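Okay, here's the structure, questions in a sec.
Residue numbering begins at 1 within each chain, and the chains themselves are lettered A, B, C and D in the order written.
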Amino acid sequence: MKITFEELDRFLQEQFPQGAAYGTLRKLGDGWAEMSLDVDDGHLRPGGTVSGPVMMGLADVTLYAALLSRIGLVPLAVTTNLNINFLRKPAAHTPIWARATMLKVGRTMGVGEVFVYSEGGEEPVAHSTMTYSIPPKKHEN
Amino acid sequence: MKITFEELDRFLQEQFPQGAAYGTLRKLGDGWAEMSLDVDDGHLRPGGTVSGPVMMGLADVTLYAALLSRIGLVPLAVTTNLNINFLRKPAAHTPIWARATMLKVGRTMGVGEVFVYSEGGEEPVAHSTMTYSIPPKKHEN
Amino acid sequence: MKITFEELDRFLQEQFPQGAAYGTLRKLGDGWAEMSLDVDDGHLRPGGTVSGPVMMGLADVTLYAALLSRIGLVPLAVTTNLNINFLRKPAAHTPIWARATMLKVGRTMGVGEVFVYSEGGEEPVAHSTMTYSIPPKKHEN
Amino acid sequence: MKITFEELDRFLQEQFPQGAAYGTLRKLGDGWAEMSLDVDDGHLRPGGTVSGPVMMGLADVTLYAALLSRIGLVPLAVTTNLNINFLRKPAAHTPIWARATMLKVGRTMGVGEVFVYSEGGEEPVAHSTMTYSIPPKKHEN
């Protein structure tokens, strides 16, 4: 791994000054990451379940964490494509968590997939694939 | 159209009690809608531009509005698939807006596409396609 | 499982009278399937590698097989959404194979993912997610 | 435009030696293209309609043509992501055609959308978005 858990945790908190609005890092490995999100009233849609954009936000940042485990702390890696299937209604008033795994990390882009779960549930509530664009290194020569 | 601008505007405000966090209805037609979003600090990512999840949230609710113009005020229509391509960096500290158009509205699902723009910009910053699942009508017999 | 390997194999050959143009069933389980495809000159693009549409075709039919393991021999199940990421160049002049797994099988639709490999390779050459629409059963009452 | 209709037409025929298996160029503009495909028995699925992979193949090559109108005759541009929604059943035993439009052409990638129609039909049978990776120019300095 190019970075430690502590380095990435600190980096994410600096990058997202809104605090834990997008999730909290729980585990980190070589090419994968897990993050969780406490659900508050601002995340809900009618019926008390987590809204789609909240799940997309967690999936997005979790794959970002998985990517950085491979390429190091690159702030300007950006999502270029995201596809998500919403599979089941999340449990009401329950935190969600995500596990992201890289499928490929190339020189200019990384592709990965993310499963999102309600805490305590066995079946995924959403599944997402994403492409991140990796900026060229400066002074690369 | 199955609903008026005023009916949908009131419905969206009731459905999303967080207020205008997901956008404000601007125009509504038969099978299409336009919504805008004032950008505040909670929406930003490093560099002062709008984050991906914020654009996804606006795209999602704008297509929901376009769908409801065809099927009426159905609260339980839910997104089942969303695909988004991020095309250009949004302008910093500038509101964004979206135009959604239905490509098909069937009995059980609706598919549409959304273009997202920075206010004043000519080229789209993102393009999304989505599928909404339409719940069966009660007492349908 | 709702069907046996032999029942599905015979059904696929009847459904696709072009023969093995879309692939050959290799393994079948509860909610998953594996199929392979011998590559001939009609499948190639410049450089001798398998073309994108050929990989999409194999992914599509393999997920169809995985779905039928759960719902039985339903001829009119159709793909409504397909997303595919091409990850690596397939090996030249080498057969490809795919493994499909259902993520959800509901009453009206099924969602699954597919990994595509070059025979003998360890890393996937493509990854796809798909939604199939399941027709309502006749005389369902 | 970087190329003429005749140059692209000849290039496509050389690139795809299977002949018109993937479609015939009909119109070409700056950042857009139209191609059509005569449907034969090998393209059909049960019911006499065009199969999904055939529509994906036509969408893919038509967007390739649209991209080349902007970047010139680059043989090694490859699809990295394709998303397609199948909207309506194509007419039986009827040719299909596609119109592709680029949404963005950058230095390293191009994104576009494609509508697919049955000949004579007014509503699209499929809608696709795609990302093409553009190889770096040789000797670019």
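Heads up, the rule we're going with is that contacts are C-beta pairs under 8 Å (C-beta built on N, C-alpha and C of every residue); 3 or more make two chains touch, one makes a residue touch a chain.
Quick caveat, the model's predicted, so the values are computed rather than measured.
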item	value
Angle (degrees, nearest 5) of the CA superposition of chain A onto chain D	180
Contact-richer chain pair (by C-beta pairs counted) among B-D and A-B	A-B
Far-end chain from chain B, centres as C-alpha averages	C
Whole-Å separation of chain centres (CA-atom averages), chain B against chain C	33
Whole-Å gap separating chain B and chain D, where each centre is the average of the chain's CA atoms	28
For chain A paired with chain B, centre-to-centre distance based on mean C-alpha positions, whole Å	23
Sites on chain A at which at least two other chains make contact	80-81, 83, 85, 131
Touch-based graph of the chains, sorted into line, ring, star, complete or other	complete
Complex interface listing, chain B residues touching chain D	83, 85, 87-88, 103-104, 111, 113, 123-124, 127, 129, 131
Chain D residues touching chain A - in the complex, by the definition given at the top	80-81, 83, 108-109, 131
Residue ranges of chain A in contact with chain B within the complex	15-16, 18, 21-22, 41-42, 45-46, 51-54, 56-57, 60, 75, 78-86
